[in-house]
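Before anything else, here is the set of structures, which you'll find just below.
In what comes next, subunit A is part of two complexes: it sits with subunit B in the first one and with subunit C in the second one.
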Partner chain A sequence: MNKKYLLLTGIIIALGIGMLFMPQRDTDKQLRPEMLLAAIDDPSRFLSTDDITDRLVKQDPALLLIDVRSKEQFNTFEVPGAINIPVDSLLSAPAREIIGQKAKDKVFYSNSDVTSDQAWILCKRLGMERIYVMQGGINTWFSTIVKAVKPVETASVEEINLYQFRSAACQHFFGNSETKTEVATSTKKAVTVTKKPAGASSGGGC
Partner chain B sequence: MNELSKTNRLTIVVVAIVLVIITGLITFRRPDLKFVLSPTESLQLLNDQSLVITPQQAALLLKDSDGKTLFIDVRNSAAFELGHIKNAVNIPVRELFDPKNKSVFRDLEKAGQTAILYGETEQQANGPWLMLHQTGFKNVLLFTGNYAQLDPASSDSVTLSLPQMSETPLIDTLALKALTSPANGRQAAVPAMPVKKSVAPVKKEARSGGGC
Partner chain C sequence: MVGPLIPMGVIPETWNNVIALLLGAGFGFSLEASGFSSSRKIMGTFFGYDFVVLRVFFTAAITAMTGIIYFDYMGWMDASMLYINPYYVMSAIIGGIIMGFGFALGGFCPGTSFTGVAIGKIDAMFFSAGLFIGVFIFSELYPLFEGIYNSRNLGGVKIYDLLGMRETVFGFLLILAAIGMFYGATFVEKKVKKVEY
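Our next item is the complex of A and B:
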């Protein structure tokens, strides 16, 4: 009888020791590949340039634009109020802290929406929430907002309204941007990520 | 008698525990699909130019295939039915990890062949490409262009006249110049000043115009 008790104890101890040597899994927080693929197939992560501009003009404090292009490209031109996290430093500790903020909608953008989407996929894999991608990236933002094309006389009311919104937004950003974009960016804390002061532009029109 | 029943009960418990453990071990399956690359390793994929294929390279491959590449169309089956490039295999994004599709990639790997993923846009093929590399499929290239650049319906001259990649910055430097004043600190940092100066007349016009 004692033997059976010993056997039971032996089994339990063996299992316990076995568990000790199980490889540690740090993947538990990560999304499983199947789940990540389903997320990739879901287009709801894409925000249009007009939506983002609307939120920028309204100075939505929950919006955080993240420019994943290189520092040089960021310095040449950026969407007003964006911070720069080059994609190479996407997974550095300070960048993760910024992207991990739960209270903000983080929107990635690059020249197109490929690099920004890659950044999105990697962050999504790490289980980060409220992250989005700007559809078409800065190329589309520039061609629709900054160089908004005036619709023809016969265009529908929606089109004319859209054009007026876009040109007003452009005026807002670049007309006398000094004060306004300053407000829009001041809520953001840039820890180590390079942030450029809002561009002063006395140049007038767009 | 009492002693006997006690022994029996103990035997039953031991047998039960052993059975549970054995069933557990038998039914335990390692997940078929798991991340092989860490996030940091995956990040390095993005800079690896040997993992992408440009429209020019693809156009050459389409003209005379070397038999070592297979084009994979990640658009949905309706779009695939409407038109696709010759010999392409349709694997829509959401079906990427279906068993038969995974075996397509495994077979390619065994045969030493390479898969080229293309979608309606580069962005569409980008997700599956990154997923495949992260889960350990190495012989997969990303086509850095749109389907229209491969489309057999459009003529060769058209495909070759669109060498542009998706991530090329398209920002109009003239319009950008009109936005920022010449006295701005930004421009001091830009080395290509003489080039910009040569376009001054356009800039002046744009500025005098005022509006957008």
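Our next item is the complex of A and C:
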């Protein structure tokens, strides 16, 4: 047997034995109950529908909206740009890969914020970071953004600005219903061509 | 400096392809230098007269593994940031069978066939052409295979987690297994009739 090989074998076995004496790393990445409780107590996970809408309009690439309702509900109506991960498939490998992305702010929403908050707690416990919940869910989003109520004329500047932002955002997502109808009627206008009778002389001139 | 260098932002992301090209060239050079461009050498593994493939790849595996475990322990790199390919069970099994069949039939694996092409081996050229035809057929028929291809994704699993073992214990056992195989291979090589190539 070649002496060189015996030396190399000795080195790698020594390194292998050295490994056995390394302290065990904490491979369990789940959050400890005390830390989870502190995180649940902290309301900063709730993002308002206005904040989210603002980032959607500005097309913030770091924002990832996740609809945790069922596929049927998602297909009926969704916040533009959202992806669908039903809460029962939240632990599947593809879903964990999506939610585990470190460079994105993942925002859960459901009809209210109950199911989405449950999804948040589950993901928080799995040690995922940068996850949030849309406050009030899609119902609040619909009533504040899509069905924004026009404030009275004596309302404060802030209220009027907020209303203008909300209706502008709604136009951004769904277009303006008024301009749509205008365009529709104007294109219908037929162009009528009046032909001169064949025998008619051109009036005036030579 | 703490690694992995690119995910940590020590080296900008844009250098990724340049580094990949350099590493690829180095890999090709070492393959050719250790004789992997010869299909006869590779076939030695199946016939028992030359186990260099087994030795090279297991040496690479245990060296890299020992390096990662020690670097992580020293705090020179964060092993949890390493990208681990997701494990698609069905794709791995079916792909493994096809790959193994092609390997035994052609005497090359994809990487070694390119080193063969680089030094002008005609059988390697045919093998590489077949490889591209296979890629073309797979791409064209992708909708047919899509279901199987994407099924049973277990994510980036680690074998010692599946076995419920500490990673260092698994590492130690793998080193022992590799050394056992190296000596076993030498024993078989001595028994089998020498092939001149």
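Simple rule for what comes next: the second predicted complex is superposed on the first by the 148 of 206 C-alpha atoms of A that agree within 3 Å, B and C clash if a C-alpha of one lies under 4 Å from a C-alpha of the other, contacts with A are read in each partner's own complex, and residues count from 1 in each chain.
Just so we're on the same page, a contact is a pair of C-beta atoms (placed from the backbone, for glycine too) under 8 Å apart; a residue touches a chain by one contact, two chains touch by 3 or more.
None of these values were measured; they are calculated from a predicted model.
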item	value
A:Ala148 touches, of subunit B and subunit C: first, second, both or neither?	first
Subunit B versus subunit C as contact partner of A:Val57, first or second or both or neither	neither
Partner chain(s) touched by A:Pro94 [first = subunit B, second = subunit C, both, neither]	second
Partner chain(s) touched by A:Arg125 [first = subunit B, second = subunit C, both, neither]	first
Which superposed partner A:Thr9 touches (first subunit B, second subunit C, both, neither)	second
Which of subunit B and subunit C A:Thr115 touches, first, second, both or neither	first
Contacts of A:Ile160 with subunit B and subunit C, given as first, second, both or neither	neither
Greater residue coverage of subunit A in the superposed arrangement, subunit B or subunit C	B
First, second, both or neither for A:Ile17, with subunit B first and subunit C second	second
Subunit B and subunit C contact sites that coincide on subunit A, given as residue numbers	15, 27
For the subunit B and subunit A complex, residues of the former touching the latter	6-7, 10-11, 13-14, 17-18, 21, 31, 33-35, 39-40, 42-43, 46-47, 93-94, 96-97, 122-123, 126-128, 130-131, 134-135, 144, 166-172, 175-176, 178-184, 186, 189-190, 206-207, 209-212
Contact set on subunit A toward subunit C in their complex	9, 12-13, 15-20, 22, 24-25, 27, 92-94, 96-97
Subunit A-touching residues of subunit C, taken from the complex the two chains share	62-63, 66, 69-70, 73, 86, 153-155, 161, 166-169, 171-172, 175-176, 179, 182
Subunit A - residues contacting subunit B, complex	1, 4-5, 7-8, 11, 15, 27, 30, 32-34, 36-38, 40-41, 73, 75-77, 87-88, 90-91, 110-115, 117-118, 121-122, 125-126, 138-139, 142-143, 146-148, 167, 170-171, 174, 199-206
